[in-house]
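Order of writing sets the chain letters: A, B, C and D. Residues in each chain are counted from 1.
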Amino acid sequence: MPEISVRELANRIPDGAKVAIPPSRSGVALAATCALIDRKARNLHLIAIPTSGIQADMLIGAGCVSVMECAGVTLDEHGQAGRFVETVKAGSITLRDSTCPALVSGLQAGEKGIPFMPMRGLIGSDLLKHRPDYKVIDNPMSDDPDPIVLLPAITPDIALFHAPLADRHGNVWIGNMRELMTMAHAARQTFVTVEEITDTDLMRDELRAPATIPALYITAIAHARAGSWPLGLQGCHDPDNEELARYAAASRDAESFAGWLARTQKRVTV
Amino acid sequence: MDCKPQELLIFTIARMLEGIDHVAVGVSSPIPGSAALLQRSLSEGKTQVTVLNSRNLQTLNDGAGELFDRAAQGRIGAFFLSGGQIDGHANINLVGIGDYPRHHVRWSGSFGSAMLYYLVPRVILFREEHTRRTLVDQVDFISAPGTSPPEIHRPGGPYALVTGRCVFMFDRKKAHFRLTSIHPGHSLDEVHENTGFAFDLADNIVETPLPDAPTLALLRGPIAQEIADPYPAFAHQVFGV
Amino acid sequence: MPEISVRELANRIPDGAKVAIPPSRSGVALAATCALIDRKARNLHLIAIPTSGIQADMLIGAGCVSVMECAGVTLDEHGQAGRFVETVKAGSITLRDSTCPALVSGLQAGEKGIPFMPMRGLIGSDLLKHRPDYKVIDNPMSDDPDPIVLLPAITPDIALFHAPLADRHGNVWIGNMRELMTMAHAARQTFVTVEEITDTDLMRDELRAPATIPALYITAIAHARAGSWPLGLQGCHDPDNEELARYAAASRDAESFAGWLARTQKRVTV
Amino acid sequence: MDCKPQELLIFTIARMLEGIDHVAVGVSSPIPGSAALLQRSLSEGKTQVTVLNSRNLQTLNDGAGELFDRAAQGRIGAFFLSGGQIDGHANINLVGIGDYPRHHVRWSGSFGSAMLYYLVPRVILFREEHTRRTLVDQVDFISAPGTSPPEIHRPGGPYALVTGRCVFMFDRKKAHFRLTSIHPGHSLDEVHENTGFAFDLADNIVETPLPDAPTLALLRGPIAQEIADPYPAFAHQVFGV
């Protein structure tokens, strides 16, 4: 298994890549995000599975993103994602608004190698009006008229996340964050930062194997202790709510954001 | 015993959950979450509760899609939605004000609304701020519509709208709200003045009932402790725990 | 959590039920199967996810089954499933032949509450000719002609399986046998036999929680040590290959099968 | 060194797996499984192998669908199928002989063939019994067709057919087998006599090459040990381990 540095990991995510990222509670690779900003990544197409927060906001604020696909970007109890809101209002990124289950279903279609997945809901929503890639058909299984939405498969170029534990073979333990498994299955390449690397073979560990992504799906791993800071990581560390509140305040204008970013880039070892 | 406004809202919503097997509570929903927990306790556990992003109040372990799968399986009897704007047809807007996508006000996004609003039988709309800014004649963007034509598969939809001033019940056939109760200290004139959409009046508009002393004690005791798991700041602010 | 006896569990699976059962390597509830035969269950519609072996063969041989939906019934290295083969040839059950991924995808559609799921393959196969419930449409996401099969959702009345461990709340740990999770999600009711019942809350156990079916999906649990005998159970016990070989020999004719069944019914405590 | 027929088949199939990143091996496939493991060893691990129902040779942990998802994702370069009947167009029949469903001979069923045969780029058909009973002009039931019309999404399909007597390569455009090598001790006449379908002859039909001594030692040593995990009876019978 190629174990690389966080900097090298960011270097291997090319400009223009379609990058799938998890929600704020599920292993957000923020050290790697800092490295992406540091290397001045450009034109990323972010796909939140299904929402994002500080990660998307930071990348958008730093000018790394050209397309944002999501069901929501929020700093949760800390309020609005300032850079996201400002950039959307300025019209300087392409927004692909959706709803949580549509992003998950689209990713599952990608995982299954099928061109689309049907979903209930959406009809009559303005979300659907702005998504010409979502098609409405009449359910062929029904004798009565029954319009239903088909969502195109989402096949990210890259899945990027942070996990508690990997082993030397490249297997990655994700605990309860099952969406990370779907992301790795659906993506062409998967880059992971981890809190720890163990010598045990996780796939041969009866208790951990069921929640382990097999190495087959993993492109490279970087060791990044507290790699989701200031967000938390289930079972490892709590969110740093003070820092998240500072971020929320800073994200309201470009200058404070730049200041926060400069301080953080120094602090986060990549 | 003096009942706080939040406590009244919690009690009011809890009463709407009677007979529900399983209530799910989304993010940023401390008052609905407390209401669900209160109903769980009042029902002696018959009403099961899942609170997203809690440590001990959730049972989701199959990824970001499981909550939505559960709704589609018919396992979720009640859910809560809100809106930056809510209109008289119960359309909700979680996206922004002005023309999409370059709104002059932009919110976080539609989250799961565009699916859950269709599939959960009893969706309770909750918006504490009751003004002409939030309750509008017509939303600028429909994150999810209040009603759908008959050919659309829609076992679910809006049941009621609870605000800081009153309770509206929703009539799905008429696609119209009906004012049924006004919270103590508020008036019909005030509701009219602050509501941007037309609504019907119930034959018998009552004052929203307050919780009795044992219920209030339950709320301030065990329920306050439970809601501190997902919402520590809220529990501290309202219940001092 | 209602903990019941194996006999009671079998009593709660009504005649005519659509029952989803796992493959021979994934927690087959054979003690419960004996109890179903004992109570003379009739007209079961078995849905193998996606294949079966001794379990389907026993139930068919005992006259419990009217419809068999599967991608294969086999005794693996022990040879053909004799009762299945004879009954199919006699035309006395309705057979719904399919292919493994179609059964899994159909179940996943059931899990997701969607009416159908598309799948690649099948076109040009005689399987498709005999499945009028499988529809072929032109992929609406493609500009070119692109026929694709839609599979109807499978929503079993009942999922029935055997697992290593449950707790007093009704949570069930399944280890690597992830198909059991999908079965429980998709089925209206789920009955489980388990090797052991623990006082620990499995959903609060960091290592077991990710592979635990939450009690919400579980209708009832019965304690049945070696409840998959003579099949094995991953991490618990190996298959009893001598007994399986005896079964394979016995299944070749109705009389030997009846003898085997009588001996086994005495041995298996229900 | 004397090479057993099974060893020749293993070596023959292993050579067909050169350059493949990931080979999956289904159930009841000890010879293809041994071939995959041999190729893994010869490629110094570049070819990865997943053997279903093994303890240590598989990496599936996401349920009964994961193997098929992997195939649809393009992650599986080679797979093995067989058939109760195989015909000259590489159609395979895993269901039965006679009219469906009341066949007079019934087999286990189609398993994953009706999907994997379409999606895995290099499907190797393997049937040791080479007779007019197994290799027929036309199968009685098509579990999965050898070829599909151009509008059908089909990145995969048959690559070769390996039997106890010879090797046929499959020409997808012509939908026809071509005899390319005959195993030592067998003859072209014998192949003709025992094959129920018409086939082409390669310009240069060779004798199927035998493994050299180091390869045979590898097979009888570490590979024999590895294949004993999913196939203990086979490993004991062929390699005495």
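The rule is short, and it goes like this: a residue touches a chain if its C-beta (ideal position, glycine included) is under 8 Å from a C-beta of that chain, and two chains touch if they have at least 3 such contacts.
Please read all numbers here as calculations on a predicted model, not as lab measurements.
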Shared interface partners, meaning chains that touch chain B and chain D: A, C
Chain at maximum distance from chain A, centres defined as averaged CA atoms: D
Separation of mean Cα positions, chain B and chain A [Å, integer]: 29
Distance between chain centroids, defined by C-alpha means - chain B, chain C (Å): 40
Separation of chain A from chain C, taking each centre as the mean of its C-alpha atoms, in whole Å: 36
Sites on chain D at which at least two other chains make contact: 61-62, 65-66, 68, 72, 119
Of all residues in chain C, the ones touching two or more other chains: 105, 112-114, 119-120, 146, 148, 176, 178, 181, 209-210
Complete list of chain pairs which touch one another: A-B, A-C, A-D, B-C, C-D
Residues on chain C engaged by chain A in the complex (per definition of touch): 105, 112-120, 135, 137, 139-142, 146, 148, 150, 152, 174-176, 178, 206-211, 235
Contact set on chain B toward chain A in their complex: 27-28, 53, 61-66, 68, 72, 94-96, 100-104, 106-119, 141-145, 148-149, 151-153, 233
Contacting residues of chain B [partner chain C, same complex]: 22, 48, 56, 59-62, 65-66, 68-69, 71-75, 119
Chain B contact footprint on chain A (complex, rising order): 22-23, 25-26, 49-51, 70-74, 76-77, 80-81, 85, 88-91, 95, 97-102, 104-105, 108, 119-128, 130, 144-148, 176-179, 181-182
In the complex, chain C residues that touch chain B: 111-114, 181, 185-186, 203-204, 209-210, 212, 214-216
